[in-house]
Amino acid sequence: MKKSLIALAVLASAAGLASAQSSVTLFGIVDATVNHISNSGGASVTQLTNSGYNSSRLGFRGVEDLGGGNSASFWLEAGVNNDNGSGANTNLNNQPGAANSVGGGGLTFNRRSTVSLAGGWGELRLGRDYTPQFWNMTVFDPFGTNGIGTNLALTETSVPTAVRASNSIGYFLPANLGGFYGQVQYYLGERPNNTPNKDDGTGYGLRLGYANGPFDVAIASGRTKYLAGNADQSNIAGQWNFGVATLQAQYEWDKNTFYPGAAGANLKARGYLVGALVPVGPGQIRFSYAQYKIDAVAGTDPEAKKVALGYVHNLSKRTALYATYARVSNNSTSAIAAGGGAGNPGAGSSSNGYDLGIRHSF
Amino acid sequence: MKKSLIALAVLASAAGLASAQSSVTLFGIVDATVNHISNSGGASVTQLTNSGYNSSRLGFRGVEDLGGGNSASFWLEAGVNNDNGSGANTNLNNQPGAANSVGGGGLTFNRRSTVSLAGGWGELRLGRDYTPQFWNMTVFDPFGTNGIGTNLALTETSVPTAVRASNSIGYFLPANLGGFYGQVQYYLGERPNNTPNKDDGTGYGLRLGYANGPFDVAIASGRTKYLAGNADQSNIAGQWNFGVATLQAQYEWDKNTFYPGAAGANLKARGYLVGALVPVGPGQIRFSYAQYKIDAVAGTDPEAKKVALGYVHNLSKRTALYATYARVSNNSTSAIAAGGGAGNPGAGSSSNGYDLGIRHSF
Amino acid sequence: MKKSLIALAVLASAAGLASAQSSVTLFGIVDATVNHISNSGGASVTQLTNSGYNSSRLGFRGVEDLGGGNSASFWLEAGVNNDNGSGANTNLNNQPGAANSVGGGGLTFNRRSTVSLAGGWGELRLGRDYTPQFWNMTVFDPFGTNGIGTNLALTETSVPTAVRASNSIGYFLPANLGGFYGQVQYYLGERPNNTPNKDDGTGYGLRLGYANGPFDVAIASGRTKYLAGNADQSNIAGQWNFGVATLQAQYEWDKNTFYPGAAGANLKARGYLVGALVPVGPGQIRFSYAQYKIDAVAGTDPEAKKVALGYVHNLSKRTALYATYARVSNNSTSAIAAGGGAGNPGAGSSSNGYDLGIRHSF
């Protein structure tokens, strides 16, 4: 998720509208991975994928100083599938269904498209943005919800707002609150008020945290409304930097994560993750172990366990080589693949995979 | 429609191909709006939309000095729906039908994609561009055909070339003609000559105006051919800047605007708009009143009336806050919504709405 | 295919991650053409097209110096249909079928999306890239596989990997091998290993050449696997620069180019092209003659002949006007159009066409 910043020199235009304090930044990441997944129950596949370490993207952003400590800014960031050149879809209204997921393989600013006003009072942000509950999950994950080692709890989630929400209005607390930080977000499904599903896709989330020196902890929770009920996601997560290693942990409790039409309503689920980031010379060892269990209405509760181990070798601040291995073990009613959807194993199977990749940022 | 220019510094490349006189400009607008529409007959909806004041966009343009007063230039400009990150569709051949409207929610250079040669003799421009008849309508509209206050006559129009045309060849008169200005445009539907609808999507438009000091007036007319007849749009519009206020007015006469397959052929329509822009400190009050009436073949002629009032508060030349209120009153056979298509009222209903937004340009 | 380089000034960012030796380049071409095609058997059509001289595009690329002669780089390049503002589709997995061709008219990085490591040992390149066999064909074609004069052998080819391959891993020999150059490429169809068509879309290609002063020659060959067989493309091509003219020639031998589902399996085809580029003041005359014949299983072998003549007038290094005329003559079982697919003639017909265009690069 880290990006190098490249500030493009800005000259005063003929109209004199651009000031020296303003900047527009072109930025991005191109991350390519040789990925292999094999399942105990059957299929294996070798692919060239993207975003094994950091999500591939192309973005444009800028900040304008308004004076008095205030600023205006914009951020337009598109997901790029650099293995084949296609773009990533975005979602119009936070609702499921193919008609609401648009892009068709063309570029969209699915990752973020916002305009903000900020000052000593905090930041007001409008547009498509990460949900607070996702942000808390990815920040304290050694694998940053990317690649074969991605967060197990995220893999199990399929609501459209699991990562981002469209039509959102967000507020972020200012810095310098003695270590406290936080945000609230409200997003609109944009349905007319006289329809039965008038709240479909409407929801909210919040995050509150405290960071002090080596210590950082935060709690987040969000709810998206659907015709047949709510999808709730909550988590508490944190890290402690001991110098020789940063330890990370998170605990998730979700409800009805599988929204209506999927496996069933009113499901509860619990999961946790423990991990570590260990600096080694110019590189970093990454490790995580996670469990996720769904409280099924009947029968055996589906449960998956995941272990992931990786190494990142930095050739520079912008360019890295990396390797990751991961294994998911499923119980008799669980069918989760290492790395997410691709190469889905049968229920009760284990799934193994690795990434060998290059990450280049600009 | 105004944009701040950000000239990116251009260094001579290793190949020495770029000259100091040339520039490439990255530009755009991110405009987000909390929009609410309610209709007397029923539904209301609250949305986060885009382009309430100026159309959101991302563009790339540049000019090369060819010497002798001549230049070459390009302009690639994509519409951006920054509320959800998607892009806007473009039209392949100026014809109606879903197959001709492409993009699928991905970014396209739907707003403009042109290459030009220009000199003392004027400008030759090839590609996708605004039609002259639309340009005349938007320039003299206090709300610039954007947001809840958008031009009523444009709302009533549904031909693919109402705003822009693809495959166009345009010529613009040079500046310094004593205040006279003008353009002609011809666009191709690109059908083979041995098909019954060989002219579908082919058309032309022209605009001629005169500006002198506070005074500016222009007339424009365009025709697009379809299998079952022509769609004609014409208007005359102007403004006078009195210092304390700029008054604007326009009159439109359209024919068969509802092309075959829509409400009926050979319909004639008449409309007008009067408006004002009043500078108030760092801001501007905007007002318009418009009527549009269709001369129906039988029954009561559909007629709509619209009033819009707004205020723009400039935080800087690039960033503004704005609020707009608009109301459309429909007679018994008209069903036009404030702000256009969204939240369509029943025939005879009124439609009210407002925008509260931020416009940031770069 | 030549592009002018515009290096954007790069300032050190606040985070200090960007170094002075690094650069990000925004580049592109906007090429618009008035194109007319008429066939002896019937239809004619006049269009505004794009890429008559050079392929229209918008791209972002950059190089990072890693020290020790090594570097990392990225290249994201999108095809742009500037006549109507749409983008070009890309292919997910090198397989035929509409579901694998994505973009929907939105922008994709279909032309190239790669990340590379390079050094004295050569270059490793991952992503979507040209195939070696196509590269050899376009480099030694006076019309560069663009516009009405485009390479006849390419027009006859319809495999998804005829020009580029997704999910590719490429290696390029370093420069300074005494004039020898070369590359190998392997690309993945990404099918699970337990499916009947597990190799669909997987393939490889290589190219080896030698250049010395005015002389340049290279051979290339590639194979893509499909369920019902292989599609092979091979060619040998070269040029000699005599000063007053550069002569070019190529010979192609293809097998089963029409992959299963098209005209038939196990077809063999042979073709050749001879051409010349003649500098004339600030311009260049271009000429080519080509034949292509398919060894049909039964009946008359389809055979087409093409002649193309054009002139490019450079207004600057970045901007050119051009005109091209081409004629394809088909025998009784061939139905190839001048310029490719548009305005397809009947079998045995001839097809004539011309381009009149502007090419502007940045």
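Every chain is named by a letter (A, B and C) in the order it is written, and numbering of its residues begins at 1.
As a working rule, a contact is a pair of C-beta atoms (placed from the backbone, for glycine too) under 8 Å apart; a residue touches a chain by one contact, two chains touch by 3 or more.
Treat the numbers as computed from the prediction; the structure is a model and nothing was measured.
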Fitted rotation between chain A and its twin chain B in degrees, CA, nearest 5: 120
Proportion of interface numbers common to chain B and chain C (over half same, under half different): different
Where chain B and chain C are represented by their mean Cα positions, the distance between them in whole Å: 37
Multi-chain contact residues (two or more partners), chain C: 8-9, 26, 87, 103-108
Of chain C, residues touching chain B in the complex: 4-9, 26, 28, 30-32, 34, 42-48, 58, 80-87, 103-108, 315-319, 343, 358, 360, 362
Residues of chain A defined as touching chain B within the complex: 8-15, 17-18, 22, 24, 26, 60, 62, 64, 66, 70, 72-74, 76, 78, 87, 89-93, 102-115, 117, 126-128, 166-169, 187-188, 190-195
